[in-house]
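Going by the order they are written in, the chains are A, B, C and D; count residues from 1 in each one.
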Amino acid sequence: MKRFMHTYFVRVRYADIDQMGVVYHARYLEWFEAARTEMLRDMGIVYKELEQSGIYMPVIEAHCRYRKPVKYDELIRVKTVLGEVSRSTIRLEYKVQGEKDETVRVEGYTVHCFMDKSGKPRRASQELLSIFQNVQRP
Amino acid sequence: MKRFMHTYFVRVRYADIDQMGVVYHARYLEWFEAARTEMLRDMGIVYKELEQSGIYMPVIEAHCRYRKPVKYDELIRVKTVLGEVSRSTIRLEYKVQGEKDETVRVEGYTVHCFMDKSGKPRRASQELLSIFQNVQRP
Amino acid sequence: MKRFMHTYFVRVRYADIDQMGVVYHARYLEWFEAARTEMLRDMGIVYKELEQSGIYMPVIEAHCRYRKPVKYDELIRVKTVLGEVSRSTIRLEYKVQGEKDETVRVEGYTVHCFMDKSGKPRRASQELLSIFQNVQRP
Amino acid sequence: MKRFMHTYFVRVRYADIDQMGVVYHARYLEWFEAARTEMLRDMGIVYKELEQSGIYMPVIEAHCRYRKPVKYDELIRVKTVLGEVSRSTIRLEYKVQGEKDETVRVEGYTVHCFMDKSGKPRRASQELLSIFQNVQRP
């Protein structure tokens, strides 16, 4: 199965660095957020409009493995891949690499559910599911 | 005139440090926020409840002077002083010092207006003004 | 086996809230950091001094499950428990709960290795291991 | 005098929004940092390399005026203008605007000094000053 993939570039800021001189570990979750928002946009889903239509996709699980440090002013790539999709959850997988360098520095995943504004779980609409499924043809 | 003063303690985290090995300059604005929220609580104003009653006090101006660095794991004090209060704005002034050390590391101020949920400016209620004025007796 | 446990309190700030009106999911990793630093201090280990002695304990893995939202101005508890300890890694487990409320809102863990300043893995000293083992008596 | 100007684009993330549903006020200082780093790069100064050569330009003063809110998922422009330059300090001025909209949402400035790694003030080299002065021809 071909899995939908998106690459997001981000320049490491002064603000991202911690006491150890490398990117603070929580920052990757912000980059994952930015990366998946752009991935969705690429697939035709503007997350802001999804919210306006009453569908929210909060993170219910997040995981990171930190393999190699990322340093100040590096231009890095966050590669996002659409993982398992069901009517109740969706999984996204991330790999952080240097601009031209294939070493995986950090990898992780997030799992999202679908809910309405009040926080009640709901199932993804057929329309939404179709978008996800159409980009993952065998 | 005696001015109302509040001291807020904060422990510097790994996350607060930047590439230079000192607290990242934007972080102080977060501490100022925490400090003024506790100062208001001390005066009997729970900011969350103020919002629930329809009054918001957004920052319309912020200023910082960075005199000496603050480092990882320091326990620092943020001293907040209630400045000028009018029906349309309020000013708060901050000094950041070490736990036991009188040197001012950072100082700054924020100016806040009063507005409703829709973002329309409104004047502070007499009740709110009284609280502010009562703590600043000559 | 009795496992060493520490409770860290944190007041939710304006800055911690996201577009959904709840704590932004990456923020918990910062609170986990603050919580484990205080837990270590409680055990007699000042992390800053550990670093000065040449031992670093970077996060090599982090995981979060978000069960229930946390909101603005809540005073929450982060309960940290010392998990598995070996000569090469240490695991810490976290539960986030309201001030008086036993519902687990968020839970997670972090795994740390031991390394020197240059980033080379090293084994924990016997002294350090003893501290960890002494607080976990059967 | 023509003043050197640079435009930096940034997409507003979920993480940037606060309890009020607009960009948290401290976040602008991070964007100013990113904007001036890119402006310097445009002028031929890679800030990372400047640091490696022993010259640091820490923020010694920062100011913001918040005029209109910025919201989630907006693509905004940060226009940076090189202000007054002397041998001991440099001033940068920022305006935040929507992607296509001329309304100034936020404006501010930062003042930077020159120092060495130990934190001792030093004067800018003639070479560095020349770069700044060459981009500001009358």
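The rule is simple: a residue touches a chain if its C-beta (ideal position, glycine included) is under 8 Å from a C-beta of that chain, and two chains touch if they have at least 3 such contacts.
All of these numbers come straight from a predicted model, not from anything done at the bench.
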A-D versus A-C: which has more C-beta pairs touching? A-C
Going by the average position of its CA atoms, which chain sits the greatest distance from chain C? D
Are the two sides of the chain B and chain C contact the same residues or different ones, given that same means over half of the numbers occur on both copies? same
Using the average of all C-alpha atoms in each chain as its centre, how far is it in Å between chain A and chain B? 35
Using Cα averages as centroids, what's the distance between chain A and chain D in whole Å? 28
Separation of the C-alpha centres, chain A versus chain C, in whole Å, is 24
Where in chain B do residues touch two or more of the other chains? 14-15, 19-20, 26, 30, 33, 72
Using the touch rule from the top, collect the residues of chain C that touch chain A in their complex. 19-20, 25-27, 29-30, 33, 51, 56, 58-67, 69, 119
Considering the complex alone, what residue numbers of chain C touch chain B? 11, 13-15, 30, 33-34, 37-38, 46-48, 72-73
Can you list the chain C residues touching chain D in their complex? 14-15, 17-21, 24, 26, 72
